[in-house]
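Each of the next two complexes has subunit A plus one other chain: subunit B in the first, subunit C in the second.
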Partner chain A sequence: MFAMVIETTNPSLLYSMPHWSLPFWWIGTVLILSVFGFAGALLLTWLKTHSAARAFQLTVKALFEGLIEIVTLPAGCSRIFALAKLSFREAIRRRILYVFFLFLIPFLFAGWYLPNSPEGQLRFLVAFVNGAISWLLIPLSVFLVSMSLPTDIQQHTIYTVVTKPVRRLEILVGRILGFMGIFTLVLLIMGGVGLIYLRGQSDATVRQSQWTARVPIYATAPEDVTTANELKLPLMFYKKGQLQAQGTNVGKEWAYRSHIEGATSDSAHWFFQFDPSQFQNREEVPVELTFDIFKTTKGDPTRPGAEESGVWCLLRFVDRKTGETVFDRTFRVNNNRGNVVYVPAKAFASGNVEVIAQCLTRNQFLGMAPADLYLLADERTFEGNFLKGLVTIWLKILLLTCVAVTASTFLKGFVTILFTFMVYILGFFHDFMIGIVTGQVRGGGPLESSIRLFTQNNQVTDLDPNFFNRIALGVDMLLLELMRALAYIIPNLTLLDTAEFVASGFDIPWALLLRNALFVIGYVVPVVIFGYFVFKNRELAA
Partner chain B sequence: MNSSRQRKIAYLLAIVVLFTGIIGVGQWIQWSADKNGLAQKSLGKVNPISGTAQLVFMGMRGVAVTFLWHEAIELKKHERWFEIRPVLESITLLQPNFVNPWTFQAWNMAYNICAEWESVPDKYHWIREGIDFMKNAVETNKDKTDMEWYVGWLYHNRFGMSDEKTFLRDMFRNETDDNFALAQSGIKDNFQVAYDWFGQANDTIRRLQEPPKSKGIMPFMTYPALAKSYYADLMQQEGTFGEKTKNAWRAGHNEWLEFGREGGPDKDEDLKLRLEYSPEEWNKLTDTQRYWVDRYRGVVNYNSWKKRTATESTDEMQEAREAFYNAEKDRKEGNYKKAIAEYEKAFPLWRQVMERDANMREDLTTIEDSQKYERNYLRLLRLLDQKLPATRPFEGLFKPAEETPIAPATDLKRDEPKPIEPKPAAERAEAKSKDAAKKE
Partner chain C sequence: MTTDAVIETRNLTKVYRDFWGRKKVDALKSLNLTVQRGEIFGLLGPNGSGKTTSIKLLLGLLFPSNGEALVLGKPASDVAKNERIGYLPEESYLYRFLNAEETLDFYGRLFDISGKERRKRIDSLIQQVGLNRARKRVLKEYSKGMTRRIGVAQALINDPELILLDEPTSGLDPLGTREMKDLIRSLRDEGKTVVLCSHLLADVQDVCDRIAILHQGELKELGRVSDLLSIQDMTEIKVGGLSDEAKEEIRQVVARHNGNLVSMGHPSTTLEDLFLKIIRESEAHPGRRYLPEREGEQPTEPPVSSN
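So, the complex of A and B:
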C-alpha cells in the first residue's frame, strides 16, 4: 500500500481568525477601499471642474445613481441575459472552439514523459491534465476578455449597445456572464477529455488502489484536554510526564512529523469527535495511517526476518466517555508505506474516541503528524472528485475574467492583457511577497538583493554600511512598502489549489470549495463595482 | 524605377546575402563540432524528446533546469520519493550531456533515497532506479569512461557490499529482467554484471588513450579484477565451496595477471603502467622505472591480490574455508559440539596455508578472520567447560583477539514487541494532578 499523505488537514485551519468575524473583515476592507475610491473620484472631478463644491455635488450624485443601479441590478435580468448571449456568440465567432485542437497536442506527446512507476503515475497524470487545461484556458480567457471591450470601443461597435436602454453595469455583468458561459462549456469538454485520458493512461494497478476519493475524519482538538502549556491540539504527545505539542525532534529537515521513542512511556494521542450515527450500519471502519520511522540502530540485517524489518507500533482506541479501551492492535510500520487497521464500528459508538500510539521497538522512533491518522468515513468516486477539482480552475478563470473586464474599462487592450497576467502571476507569488515584506524570506528588497547578487554576497551577513548601500536600503524601504500594499490587493491564488487532493486520492471537502468560492466572489464583487464606476463615467465617444 | 521598388530589391538582396551567409556559418559550425566531437550525434544517442524539450525552452533552458533542480530538492525534503524521478528525467532531457546531474542523482537514488526505506525489496527498487538512471546517462553520453565505471560501481558496491547484501544478492539472482541482471558470462550475479561494465570502461580508456577524470588511472583499471575477486569471495561467504569457487578465484587471479601485463595507457611512453614483468624484463628496467612500478603495485595492492587469489583457489584453502564456514554456522545455530569439531578440522589446514604463505599472514582481513575463528572456538570450549588446548590454535602465527563480550548466538527474541500499557491522556492528567496534590 502506498503512503497516503496530504499536508493540509482541515480547511478551517488555514485561517487564524474565527469564522464569524470574516464577513466583518470583508465589509471593513471594502468600506475602506470605497472611501479611497470616493476620495480619488472627488479629486479627479475637482481637477476637471475647478470647483470643490461642484465636484462634491457631482461625485455624490454619481455615487447615489450608481448605488441605485447596483441595487436594482436583478431587475434588468432579461437585458443582462441578452447581453450575455451576445458575448457568447462573439466568443464563438472568434473561433474559440478551435482551442480544442491545441488542447489535444500536448496529449499526443505526454506519453513520452510519463513516469513508469505506478506509485507516482496518477499524481503526474493529474498534474499534467490540470496543467494542460489551465495553461490553455487561462491565457485564452485573458486574451479574449481583455481585447473585447477595448476593441468595441475602438471600432465604435459599442455604440450599438450603449444607445439602447441598458445600463452600464448590465453591459459589464452581461459580458462577464457571457464569457463565463463559454468558458464553462469549454472547461467541461476539456475536463471530460482529460478524464477519459486519465482512465486510459493509468495502469490497472493504479486504478485499483488510487482511483478513489477518500473522505477522512481527522482528529480535532478536544475541549477538556490541553497540553502542559495549555494548547488545544488534535494531536498531542505524552513525553517527560506531561502532554506536549511536540514529541522528540530527531533532526529531520522537514519538521512536519514529530517522533516518539520506542519502548518508553512516550505516546501520541489523537482526539476524534464525530457523529457516530454514520458508522451505525457498518461492521468495521478502516483507520488509515502513514507513520515515519527513524532508526538509531540498524540491527543485524542478516538475522531471520530482517528483510521484512520495521518498527512495532501499538495502537489503542479509548472511548473517552467510559474511559475503556475498546480496541487495540500491534503491527509493524515500514517507512513510506501506509497501514490500514480495521476497527469494529462499535468501538466508535460514542463518537468521542482517543487513539493512542506507542512505539514498541527499543531505540527506534515513530514519527507522526495530525493528518497521518484518520478514520476513513467514506470513499467517493475519483471522477466526481476530478470534476470538483475543475471548479478551482473555473474560479480562477472567473477571477481573471472580472479583473480583465474591469481593467479594460480604463486600459487599452494589450495593457489589459499585461495587467491581468501580472495579477495572475503575482497571485502565485503572494506568499513570497509577504515573506519578503515581513523579512521571513532572506535577502532584502529588490535593490539589496541585486547588490548581493552582483557582489556575490550571501543572504545573511549585513551589507557594508557605505553611502551607496545606505541609499539602496532607503529606497528599498519605500519599495517594500509599495510591495506590502500590492500584496494586500493581489489575490493569493495558491490558496485556491485543490489538485493535490485529487492527485493524492482525497475527496475535496465541500467546505474548501465553499471557502474558495467565497474568496473569489468576495474579491470579484468590489472589483466589478469599481470597474462599473469607471465605465459609467467614461466618455465613450472619445 | 521608383524608390519603393528599389528599396524592395535592396531588402531582397540583403535577405539573400544574409541567409547564404548564415547557411555557410551554420555549416562551418556543424563541421567544426563534428570534428571536435561536440555535435549531438557524436556525444551519444540522439533523443528526439530531449531535442523537443530543449527547443520548447529555447534560451530559458538554464532557468527551467534551475527550477526543476530546486523542485527535486524540495521533493526530497518532503519525502515525496516517487515524484522525484520524473523531475530528474526532465532535468536530464534538458541537459543530456551535463555529466554531474546524472551521477549526482543516480547516487542520490541508489544511496540516499534507498536509505530512507526500510524493507529490502524497497531498497532493491531504489538501487535499481539509480542504476537504470545511470544506464540512460551512458546511452546518452558516448565514451564517458567515468559514467560507464559508475554503473559498474553501483552494481558492485550497492548490491555486493551493503549490510543487506545477502538479501539483495538473493533478489538479484531471482531478477526476471535479464537486461538488468544477466552478465555476458551468462551468470546472474551483481559482480559479474559489474565486471562487464568495468571492462567496458577500461576498453574505452584504451581506445581513446585518455585517463578517467574521477580517479587515478591505476586504481580505476583494477576494477574488473576486483569484481571477479569479490565474486569469488562472496561465494565463499555465502557457503559455496569446491570446484566452482576455485574456478572463480582462478578467474580473479587471471584478471589480476592480465591487468598487470597489459597496464594502462600513459602519456609517458616509457612507463606504460605495467605491473607484471618476467625476470628478464625486470632486469632491463631502470631504477626509476622499478621505483614507479613498485609504487603503483602498492597503490592498487597488486601483490596482495595476486597472491590471495592464487592461494584461495588451492584445495587446502577451500577445505579450511568450508570447515570454518560450517563451524560458524553451527555455532550460530547452537550446535556447539559439531562446531568445535569443524573448528578443529579447519585449524591445521589453515595453519598449513598460512605457514607456507607469508603474504597471506600479513593480510589484514585474514588476520582478523583468523583471530575471530580462534576466539569463537576458545569461547565455545569455555562455555561447555571443556579443557582448553595447551597452546592456542594459532600460537606463533597470530596474536590473540582482544576479548570483548558479545552474545554467543543470535538472540532471535530480542526484537519481539513488549507492550506497555498506555493510559488515556485524561487519566494521566488526573494522576499527575493527584501527584501534585500529594506533594502539596
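So, the complex of A and C:
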C-alpha cells in the first residue's frame, strides 16, 4: 500500500460543511449586484425615453413583471420540457456530437508517455482522462451553447417561439436543461470509456494499491491546546520546551512541511477528534503517513548498510481523556511511499487521540504537514469516486453553459464564445486576481508590471515619479478597480477541481461536492436571471 | 371603440435605430387601425411599406417607438395573449432539423393542450395543408411551398381566434394560392379574425373584407374592399328576366337624362388601378392621405376607425 497525501494546510476544511453565514453573504452580494443592475437598466431606459419619471415607471414595471415570471416558472414546466427537448434534438440531429469521438484519439497515444512508477502512473492516467474529457467537452459545449440562441435570433426561428405563450425565462431554462441533458449523456459515455481505459492501462500493482478511494480522518485543531502564541492548529510542533506552529526550518524553499530533528526531544503532535463508534467492529485501524526525510550529513550512501539503517521514527498514540499512551510503534520511514501503521481499534475508543511523532535517527530530520498523517476510516470504490469527479466536471459545464446562455442574450454568437472563454480563463486566475487587487502579489497593476518588465526594474523599489509613469499608475488604478469588480463577478474555477482526489486515491468528500454544487447554483441562478431580464427586454426582430 | 375590436392601434410608430440610437428608417408612422372580430383584414402596400413591421409590433416582436397596440384587449407585449393568436411569419422560420409532425408537436406543446387533443390536431392540420405524404420528412428537404404550408399549420395549432399572416401566398403555386384563400375564408366562416398582409393585390382583393393601404409607413387608404373599388360616377345595371318593354323604358329614361347606357351597376376597377393611383398620388404629395376623386364624402384626417 502506498500512502498518498493531499497537500493542504488545513485538511479538515475539506470536510467542513458550508458556514451558516454563507446564504447571507450570497443574498447580500446578489442584492448589491441587483441594485447595480437596476440602476443600469434605469439609466438605459432614461436615455431612451428622455424622461426620468417614465423610465422609473417602466423599469419598476419590468422588474415586477420579471419577478412574477420567475416565481411562476414551475407552471411552465411542460413548455420548458418541450424547449429542452428541442435543444437536445438539435444537438443530436446536427451531428455535432460526432466531434466527441475525437476524444478517443488521444487514448491511442497516451500509453507512450506512461510513467513507470506505480503511484505516478494512475495519477497520470487520471489526469489524462480528466483532461481529455474537460478539454474536449468544455470548448465544444461552450461553442454549442453560445451559438444556439444567437442562431435562433439571426435565423428568425425565435419568432415562431416567442409568439407562442412561452415566457422568456422558459426559453433560457429550457435551453440550459436541453444542453445539460446532452452533456450529461456525453460525459457519462466519456467517463465510461475513460474508466475502462484506466483499468486496462494501469498495472496490477497500481490496481491493488491505488484503485481505491480512501476516506481519511484528518487531525483537527483541539479546543484545549494552543501553541505558545495561542494558535489552535491540527498539527503542532514541540520544540525548545514549547508547542509551536512550525518545527525547524531546514531551508527547503517550499515551506509546506515543517521538520523535527532526530535524536532530540522535538516532536510533532496531531490532534484527532472523531466519532469512535465507527471503529466499534474493527480489529485495527490503519494509520497512513508520508514523511519527508531531510539529511544534514550526506553520509556515504555507498557504505554497506547505509540503506538498511535508514531513518527511524517513533509514533505514540495518547488517549487524551486518560492521558495514557495506548499504543506505540517504532518503524523505518519510507521516503516516497509512506508507511502504514496498523493500530488496534481499541486505542481509538475515546474518539479523542493525540499522535506524537519523534525522529530517532541522529542528524536526520523528518518533515511533516497536517495532512501527512491520517486514520484510514474507510475505503470506497475507485469507480464511485471517479463518478464523483465527473460530477465536478459536470458542475463546471453547467456553470459555463449558464454563462454562455446569459451572454448570448445580448451578444452575437462568436462574441459569446470569446466572452465565455474569457470567464473560463479568468476563473482559473481567480486567486491571482484577488492577490493583485488585495496587494498580495508584488509588482503592481498591469501597466506598472509591464514597465518594470520593460525597464528591468525590480519589483520592490518605487518607479521614477516621471510624467509617463504617473499616467501609467493612474491607468493602473482604474484597471485595478475594474479587476476588483471582476474578481467579485468571475467565478473561482480553481474550486471546481477534484481530479487530484481521484488521482491520489482519496474519496472526494461529500461536503466538498456539496459546497461546489452550492457554489455553482448560487452563481448561475443570478446569472441566468440577469440574462432573463436582458432577453425579456430585448427587441427580437430589430 | 366597440368591444368587438380585436386589434386596436393608436399612433403606432416605429423608427428603426442603429446600435448608437441613430435613426435608420421611419418604418411606420402613426398608424391608427381597428380590426373587428370576424373580419378578414388586409394590409396592403409595396415592398418596404411597413406591413411586416406593423405585424411584428402587434406581436411584441418589436417595441413601438411611440403609440401603442392592443391585441385581444391586451398590450402587445403581454405573453398571455399568444394563447389565442396564430402567426405565420414572412418566411416560415422553422426548425429545419424537425419533420412536420415533430414541428407541430413542438409548437403544440407550447400551449396548454392535452396530448390527445394535440395529436388529433396535428393529424387534421397535416391533412388540411396537404402534407400527409411528407409528414415524416425533415423541413430541410421541403420546397418553399411546402414550408409555407407547414408554417400555416403551425400557426393554427392552437385553434387561434386571431390569425396574423404575413404574405401567406408567397411561394405558393396557383393551386396552393387558391387553397390558401379558401382556407382563409373558411377560417372566417369559423368566426376567426384574420389579418393578412400582402403585396399581391389579387389575393387581397379576393378574400379581404377590409383593407388598409400602406406606403412608406403611412396609412393611405382604409375601407371596405367593395367600396374602395366601386366607381361612384358610373352605374352598372345587370338585370335578368326583364321584358323588352321594360328595357325600352329604361333606355328611354337614360336617354332622357342624356345618359349612354352601357350596362347597369357600379363597375369595379381593379385593385391594381387603385393601388397604382394611390402610390402615384402619394409620391406627388408625400405625407398626405389619399384623396379619391369622390365628391366630399371621405374624411381626410385622422384616419380613425371603420365603416
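We take it that the second predicted complex is superposed on the first by the 506 of 542 C-alpha atoms of A that agree within 3 Å, B and C clash if a C-alpha of one lies under 4 Å from a C-alpha of the other, contacts with A are read in each partner's own complex, and residues count from 1 in each chain.
Everything that follows uses one rule, which is that contacts are C-beta pairs under 8 Å (C-beta built on N, C-alpha and C of every residue); 3 or more make two chains touch, one makes a residue touch a chain.
As the structure is a computational prediction, the values presented were derived from the model and not from experiment.
One of subunit B and subunit C touches more residues of subunit A, and that partner is B.
In the superposition on chain A, contact is made by A:G120 with subunit B only, not with subunit C. In the superposition on chain A, A:L22 contacts neither subunit B nor subunit C.
When the two structures are aligned on the shared chain, A:R167 is found in touch with subunit C, with no touch to subunit B.
Of the two partner chains placed by superposition, only subunit C is touched by A:E90; subunit B is not. In the superposition on chain A, A:F81 makes contact with subunit C only, while subunit B stays out of contact range.
After overlaying the two complexes on the shared chain, residue contacts for A:V193 are found with neither subunit B nor subunit C. In the superposition on chain A, A:L418 contacts neither subunit B nor subunit C. Those residues of subunit A whose C-beta lies close enough to touch subunit B in the complex are 5, 7, 109, 112-113, 115, 117, 119-120, 123-124, 224-225, 236, 238, 241-243, 253-254, 256, 263, 265, 267, 269, 292-293, 295, 298-304, 306-312, 314, 316, 318, 320, 323, 330, 334-337, 354, 356, 358, 360-361. Subunit A meets subunit C in the complex at residues 47-48, 78-79, 81-83, 85-86, 89-90, 93-94, 155-167, 539-542. Contacts from subunit C toward subunit A in the complex involve residues 16, 21, 56, 59-63, 79-80, 82-83, 85, 87, 89, 91, 93-95, 97-98, 102, 106-107, 109-112, 138, 154, 158.
Across the complex, subunit A is touched by residues 49, 52, 77-83, 85-86, 89-90, 93, 116-122, 163-164, 166-167, 410, 412, 415, 417-420, 422, 424-429, 432 of subunit B.
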